[in-house]
Every structure is written in C-alpha cells, then in structure tokens.
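Following this line, the structures themselves.
What follows is a pair of complexes built around chain A, which joins chain B in one and chain C in the other.
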Partner chain A sequence: MGAIHSEFLKLKRSLTWAIVILLPIALVISAAANTLASGEPLQNGWHTLWQRSIVFYGLFPLAIGIAILASLVWSVEHRGSNWNALMSGPTPSLRIVTAKAVVVGFLAAAMQPVMLVAILVMGKAVLGLPGMLPVQYFGISLLIMAACLPLAALQSALSMLMRSFAAPIAVGLVAAGISVAVLMLGGTAAIVSPYALVTRATQLGTGTFSDTGGVTAGDVTAILTAAVVLFAAVVTVSAAILDRRDTRI
Partner chain B sequence: MSYIVATEGLTKRYGTRTVVEDLNLRIPEGCVYGFLGPNGSGKSTTMKMLLSLIQPTNGEVQVMGQPMTRATRRQLLAGIGSLIESPPGYAHLTGAENMRLIQRLLGLNQQQIDFAVHTVRLQDQMDKKVRNYSLGMKQRLGIALALARQPRLLILDEPTNGLDPAGIDEIRTLLRRLANDGVTVMVSSHLLGEIDKTAHMLGILSQGRMIFQGSRAELMTASAPDVIITCSDPRTAVAKLTSFNGRMTDAGEVAVPALDDRQTAGAIAGLVHEGIGIFGVRRDEQTLEDVFMHLTAGGGL
Partner chain C sequence: MNARAMVNEFAKMRHLGVGLVALVMVLAVLGLSLFTLISSPSFDPDSEEAWNALLAGMSLAIPMVSPLLIAVLASRQTDIEHQGNGWLLQAASGLTPGAVCRAKAVALGVVVTVATVGVSLLALLVGRLLAGITAPVPLGHWAGFTACMLVVNLVLLALHILISAKLENQLVALGIGVIGTLIAVFAKGLPEVFAHVTPWGYYSLAEAADYAGDEIVALPLSYPSIAALAVIGAALFLVITARFDRQEA
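Coming up: the complex of A and B.
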C-alpha cells in the first residue's frame, strides 16, 4: 500500500487532474454543440446524447486520454536521475508497476463520473431533455470504469518503457484504431485487446456498431472478466520486463 | 578484514567497447572509500553495477556478503542508499513532500525522516519546491533521500559536483560524520582534492581499469617521491648521479627519482666520497594530485 500511497502523493500539482476534468467536458460539449448546430432535437433523447458523447469517447478519445495520463504519470520518473532512484530502492518491481497502473487506472476511471455529470448538466440545463438519464447507463458507467484498468496498465507499461512523452500516445492511437476495426469486424472476441475492451464497454446497451442493444449477464461477465484478467496479465508481464532491463547509460 | 563490497573480475562491455575491465573492488566495512578517476573512466558504470542498475558482462558483485543480482537486489538495496549521476527528486513537489513520499514508500517513521533532513541541514528549506532549489540544496535533498532508510552502505556518485567550496566542505564533514557512525561510504570524484582528506581507502580508475587500490599512505609509497638533495656542487652531483636519472631542479637542487632508502644512503655516500658538501636530503612533498597524474600517465593515458 505504501507504493500506491506514494504514487498518489506525486499527483499533487499534476496536470493529470486537468485532463481528467477537461477531456470529458470537452467531449460532451462537442456532442451537444453538434446537436444544437444541426438544429434538430435529439431523436431518442438521453439515449442519443449518450451515444454521441460516450460511444464516440470510447472509439479513441478515451484511449488517448489514458495514454496522456500514463505519459504524465511516468514523465517525472524519466526526469533527472529519478529512474536510478526508483530502481535502486528496495521496492519490488511488481509493486512499482502495480502502483503506477492503479494510479493511471484511478485517473482514467475518474473521467467517467466527470463525463456522467457533464452529460446530466448538458441534457438538463442546455438541451432541456425530459426525464432522467436511463438508469442502466449508471451501471454501464461502472463497467466502463473497470474496463479502463487494463488499458491504463498497458499504457502505463508503454510509458514506462519509452522515455518519449508522445511515442506511447501515438502507439495508443494506432492500437485503438486497429482494435476498433477488429471489434467491428470480428465482434466481442476482440476484447482480448484492452483498447477494444474500453470501446466495447462504452458501446454496451446502445445498439451501435457491433452492440445488439441489450445488456445481458454474459456481456457484463465478459467485460469484467476481461478487465481483471488483462489487468493482472499486463501488470505481471510489465513488471518482469522492468526487472530484466538495464537502466540507461 | 570484512568487505562490505567486493567484486571479482567485474567487466562491462558495450559491443566491442570495454567500459569497465576486470575490476576487483574491495571496500572494507565502515570506511570512506574514495573512488577516483577522470571523467569517462567508468566510475558511474561501476557504481551502477554495484547497485544492479545494469548487469555486468562478466564477473560478479558481492554486497554485505551476498551476491548482488537481479533476483537479490531489492532485498539488498534496503540497506544501501545511493545517489547516481545527478540528485533525484520530484521538481513539482516540495522538499517535505519528497521526503514524505520516501517515507510512505519505505514505511519509515518520522524520526528517520527528521534525522535525514537534519543531517544534511535542509530543515529550513523543506517547504520550497525542489524546482526552486539550488544545485547544492538538490544534492543535499538527494543525500537525505538516500539516508532516510538508514543504510549500512552509501554510494554517492560525484556528490560535490557543482557545489561551491563551502558546500564541498559541508559534504566532506558529513561523510566523515557518517563514517564515524558506522556507515560505509563509497564516494566518487574526478577531483582528488575533494576526497583527499576524507577517504581512508582509495581506488583509482583509469580507462575502466583499477590502477591503484589501497590506503592513502600506500598510494604515496606506490609512487615513491623524488629524493631532493641540496649540496655545494649540484652540477657535479648530477653528473655523478646520471645512472640514477638525477637532474637539476629550478631551485638549483638535485632531484633523483624512484630511490628507496638504501639506494638513497648509497647515493649520498657516493657524493660525500666525491667531496661534495651535503646540506640537506629530503623526500619531495607530493600532493595526491601529482601521484594521480603519475599513475594515470603510467596507465597509458
């Protein structure tokens, strides 16, 4: 727990918080702006607003957001001789990697409540939608948060291995694009990719892309299982890689 | 004697370039070990191998009697504080926040933190962001971070780099105090003067090879200083001592290199026999700097 606690201390005065707040708000605003600009009311009320913001968010902005968070979280370790300090301490590599993945995962998941609040405010105050966001979307939000964890661990690993700030983000963008394509062509099996997993979770219950429109127990189980298994696998593998690497000269 | 650090044939190669070659380091417990060498001689690479930050190409490292490998390092590193290349620290956090981080990470108590901060005399700068620290303050914070875990062994890579004379002196005093408290300190420098009077043991590295290892006194003997003879007729004396490579100094004295005590006695007897009046015979005062230059030149630089 000490490692995780100390990782959270490092987030003080960090830019990551700005990403967590601004990225979801920007996406919901752009979804609403499109709607207002088209001049037509939302066909299906809350459902349509959800699709335009969350489903779009899941196609690639979420992956990019997580990639930026991971690069921000790791950038302090690549600075100066902090890497030497990190690797010449007694904290086991697995604990270091897990703590980082948990922190990036926490930040990634934290974007979802911000997104929810932004959608509610936008739907009620700006678009004047009747009623309330369907309750299933609150449950789906929890699933999306869980689905963020393996991707957070993977982007964290990439940012750990690459000293560059931008390179892991570029990798994330390409991988997200490929995963979305595979998800549309190949269906749910694509969720073995953490990128496809978040996309799948954001499409759940919307009937968009490969989604059937319903939310079944099978869907939920598949997403949760993939989240847990992938997170554990990515963290274990990246800790082993960290352990076998020499520090840069 | 028990060694807290011992290496056998430690070697690091990158491709065909050998950075460290066949190093047999011996650091006795409780001493200040000065690790000297010009820039690029392999000091940092050696220290990184001691910490298992990089793996040796050949040879092995023993720390506290155990082999230092990737499998054992995290356990051994609990007893080692280190500062490699430049001081660590998170620039966006204050000194106090940096210390709190290490406290949480290593599960240390507040006394250990306060002790480390007071040892480097940084207690009045703890609320400043590290970004706004001077280099000397960053160095001291780096040392405090390394000291907080109360290590048995402290490995410091050029800790006086970029410090002003007062800062250098303060670090020297600190190292001596730590050694008195039983901490073994390995400290590297490319400047002899900086660790000259602090170190009990010296290791000198040149182009990746150890050209000397031993005490300061042994180092002085290893390169026997010139015998300086003041006499009534230096010109004749030099002519008499050509077989010993005797030469005339600027001060009108006769300097003879590499003479042991018996040879010195023989040479003086010879001069007296020639009727030359001997006013004085002494060993040249040589600084560690001279010895160092002498050794590195002998090392094929």
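Coming up: the complex of A and C.
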C-alpha cells in the first residue's frame, strides 16, 4: 500500500485531472453537439445517446487517454536522476510495476463515472430525455472500468520502457487502430489484446460493430476473465523486464 | 532561414523515430481509407463516382489520424530541447529560441509534406491497382484536396511546435492533440461557422466527398477559408517566434 500511496503523492499538482475529467466530457459534448446540429431527435433516447458517446470513445480516445495518463505517471521517473534512484532503491520491481499500474488503472477507471455523469447531465439538462439511463449501462460501466486495467498496465509498461512522453501515445493510437480492425474481422477472440478488450467493453449492448446488441453472461464472463488474466500477465512480464534494467549513466 | 540549423534538426530526428511516426501516419490513413472504401455498400469500381468513395475515406481518415500524430512529431522534436537544455545551448551559440522553432517547423514541415502528398499518391495507386477503379481520376479535385489537407496539417504542426516549446509539460501538447482530434472528427457534423473557430475544424472544410443519401458525391472545397488559415497561421507563427527571439532562453 505504501508504494501505491507514494505514487498518488507524486501525482499531486500534476494535470491528471484534466485528462480524467475533460476527455469524457469532451466526448459527450461532441456527440450531443452533433445531435443538436443535425436537428433530429435521438431515435432511441438514452440508448442512442449512450451509443453515440461511448462507442467512438472506445475506438481510440479511451486508449489515448490511458496512454497519456501512463506517460504522466512514469515521466517523473525519467526526469533527472530519478531513474537511478528508482533502480538503486530497496523497492522490488514487482511492487513498483504493480503500484504504477494500479494508479494508472485507477485514473483510467475514474474516467467512466465522469462519462456517466456527463451523459446523465447531457441527456436530462440539454437534450431533455424522458426517464433515466437504462440500468444495464451502469453495469456495463463497471465492466468498462475493469477492462481498462490491463490496458493501463500495458501502457504503464510502455511508458516505463520509453523515456519519451509522446512515443507510447503514438504506439497506443496505432495499437488501438489495429485492435479495432482485428475486433471487427475476428470477433470477440480479439480481446486477447488489452486495446480490443476496452473497445469490446464499450460496444457491449450497443449493437454496433461486432456487438449483437444483447448482454449475455458469456460476454460479461469473457470480459472479466480477460481483464484479470491480462492484467496479471502484463504486470508479471513488465516486472521481469524492469528486473533486468539497470541505472543509466 | 538558417540552413545549418535546419540540417541540425534533421540530424536530431535520427533517434526520435520521426520517420517511423510519419510512416505510421501514411499507413494508418491509407488503411482506414481503404477500409472505408471496401465497407461501402454502394462502391462500384466501374462507376464514374468510384474515386469519390476513396476521397470520402481519406476525408475521414486524415482528420482521425493526423492531429495526434502531428502533435507527437512536434512534441518529440521540441521536448528534447527542454530535456537537454538545448534552448540555452543554442542561444549561447547565436541561435535564438524563435529561430530554433522556425528551423523545426521547416524540417518537420518537409516530413509532414512528404507524408501527406505521399499518402495521396499512394491512395491513387491503390485505387487503380488494388481496388480496380477504372474511371478517369478527378485530378484537379484530388490535387486541391491534397493541398488543402497539407495546409491544415502544416498549420497544426506550427501550432504544436509553439505549444511544445512554450510549455515544458508535454501533457498539455498531447492533450490538445487529443481534443483537436475530437474537433476534427466531429466538426463535419456541425454548422460551417464552427469549423472556422479552431484550426482542427478546417479539416471538415477540406472534405472532398461524403454520403448524400446512399450515394457518395464530391463536395466543393473551401479554398478561400483554407487560404485564410494558411495566411493567418503563417503570420501568427512568425510573430510568436519573433517574440521567442526576444525572450531569455
């Protein structure tokens, strides 16, 4: 817990909140602005608003947001002589990697409640939709939060390996694009990729791309299992890689 | 323009993966354009309007891919000056920060120009050889579209060089890149006046073709707006970099 606490301390006065809050809000505003500009009402009310907001978000902006958060969390370690301090400290690699992945995962997951609130406010206050967002989307939000964890761990590993702030983000964009294509062509099996996993989770119940429109127990189990297995695998491999790293002269 | 400074910028690119990012930009735009073409139900390679489908694909792919990768290119090329104290070193050698920014803009401008023109020519080749389009190429419209997209890309490049140079925290530059991507993608659904407000919106004014009902039709390009963006963008870049020249490194 100490390692995780110190990682959160390092984020004090950073601009993480800007990504966590602004990215989901910007997505919902963009979707609603297009709806308002078209002058046509939302065909299926809350369902359409959810679909327009979250499906595009899952294609690549969510992956990019997580990539930026990971770069931000690791940038402090690549500055000055901090890397050497990290390498020569007593904290085991597994604990460092887990702490970083958990912090990035927490921030990534935190974007979903922001998205949910933004959709609710937009639906009620701006678009005047009757009723409430269907309950299934609250459950799907929890699934999306879980699906973010392996991607957070993977982007954290990339940011650990690359000193540049921007390079892991470019990798994230490309990998997200490839994963979307594989997901569309190969179906749910593509969730072996953390990028495809978040995309699949955001499409759940929307009937878009490879989704059938229903939410089955099989879908939920597959996403949760993939999230747990991938997170454990990525953290283990990145800890082994960090173990073999040394100080920089 | 200081030729030696520009050569120096090309030398700095060697270990920054600039070529790789540019290649990714070309492949991603080409891949997404082809995907749009193939998935279009009304696509007929023998019809007179077949090229419009490819132009529509590129009109979607360029705004989706370019803003973030341009932000990555500018950030990588500029961040090294913050990390290695290059601003002070070069100022002491007689090269002011403004001149460094101008050299970066020209050097990266060459890369972005090659990537943008390259993807346009490759799309022509792929359309003819892979997709088997037999209709005559609308060369004038194609060249105009390429020129307009190039102008928007170069203006964004200049903007991102300024942001990355002014703000050491690259989170801001990349965050603006992400928000810019959203604006670029969603601007085509908004009234034209909104497209003129931000540089990313101009991608929608350079849209060469789009669906009208079930058919894909050629759209007129907003040459006066794009020309105005080029003039205002260039003037602002020169004024701001001139101000950088008078600031302490």
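By definition in this document, the second predicted complex is superposed on the first by the 249 of 249 C-alpha atoms of A that agree within 3 Å, B and C clash if a C-alpha of one lies under 4 Å from a C-alpha of the other, contacts with A are read in each partner's own complex, and residues count from 1 in each chain.
Here, a contact is a pair of C-beta atoms (placed from the backbone, for glycine too) under 8 Å apart; a residue touches a chain by one contact, two chains touch by 3 or more.
Keep in mind it's a predicted model, so treat the numbers as computed, not measured.
Student: Could you classify chain B and chain C on chain A, in the superposed arrangement, as clash or fit?
Tutor: The answer is fit.
Student: Quick check for you: in the superposed arrangement, does A:R244 touch first (chain B), second (chain C), both or neither?
Tutor: In the superposition, A:R244 contacts chain B only.
Student: What is the contact status of A:V76 with respect to chain B (first) and chain C (second): first, second, both, or neither?
Tutor: In the superposition, A:V76 touches chain B alone.
Student: In the overlay, answer first, second, both or neither for which of chain B and chain C A:K10 touches.
Tutor: first
Student: With both complexes superposed on chain A, which partner does A:I169 reach: first (chain B), second (chain C), both or neither?
Tutor: The answer is second: A:I169 touches chain C but not chain B.
Student: Using the superposition on chain A described above, determine whether A:I19 touches chain B (first), chain C (second), both, or neither.
Tutor: Once the two structures are laid over each other on A, A:I19 reaches chain C alone.
Student: Answer with first, second, both or neither: which of chain B and chain C does A:P90 touch in the superposed model?
Tutor: A:P90 contacts chain B only, not chain C.
Student: Between chain B and chain C, what is the shortest CA distance in the superposition, whole Å?
Tutor: Least C-alpha distance: 11 Å.
Student: Is there a shared patch on chain A that both chain B and chain C touch, and which residues make it up?
Tutor: In chain A, residues 14 are touched by chain B and also by chain C.
Student: Report the residues of chain A in contact with chain B in the complex, numbered from low to high.
Tutor: 2-3, 5-6, 9-10, 12-14, 76, 79-82, 84-85, 87-93, 243-244, 246-247, 249
Student: Could you list, by residue number, the parts of chain B that touch chain A in their complex?
Tutor: 14, 45, 48, 51-55, 70, 74-75, 77-78, 80, 82-93, 97, 100-102, 104-107, 142, 145, 149
Student: For a test of understanding, state which residues of chain C touch chain A in their complex under the given definition.
Tutor: Residues of chain C touching chain A: 16-17, 21, 24, 28, 31-32, 35, 65, 68-69, 71-72, 75-76, 79, 169-175, 178-179, 181-183, 185-186, 189-191.
Student: Okay, in this complex, where on chain A does chain C touch?
Tutor: On the chain A side, the touching residues are 14-15, 18-19, 22-23, 26-27, 30-31, 33-34, 37-38, 56, 61, 64-65, 68, 71-72, 75, 164-167, 169-170, 173-174, 177, 181.
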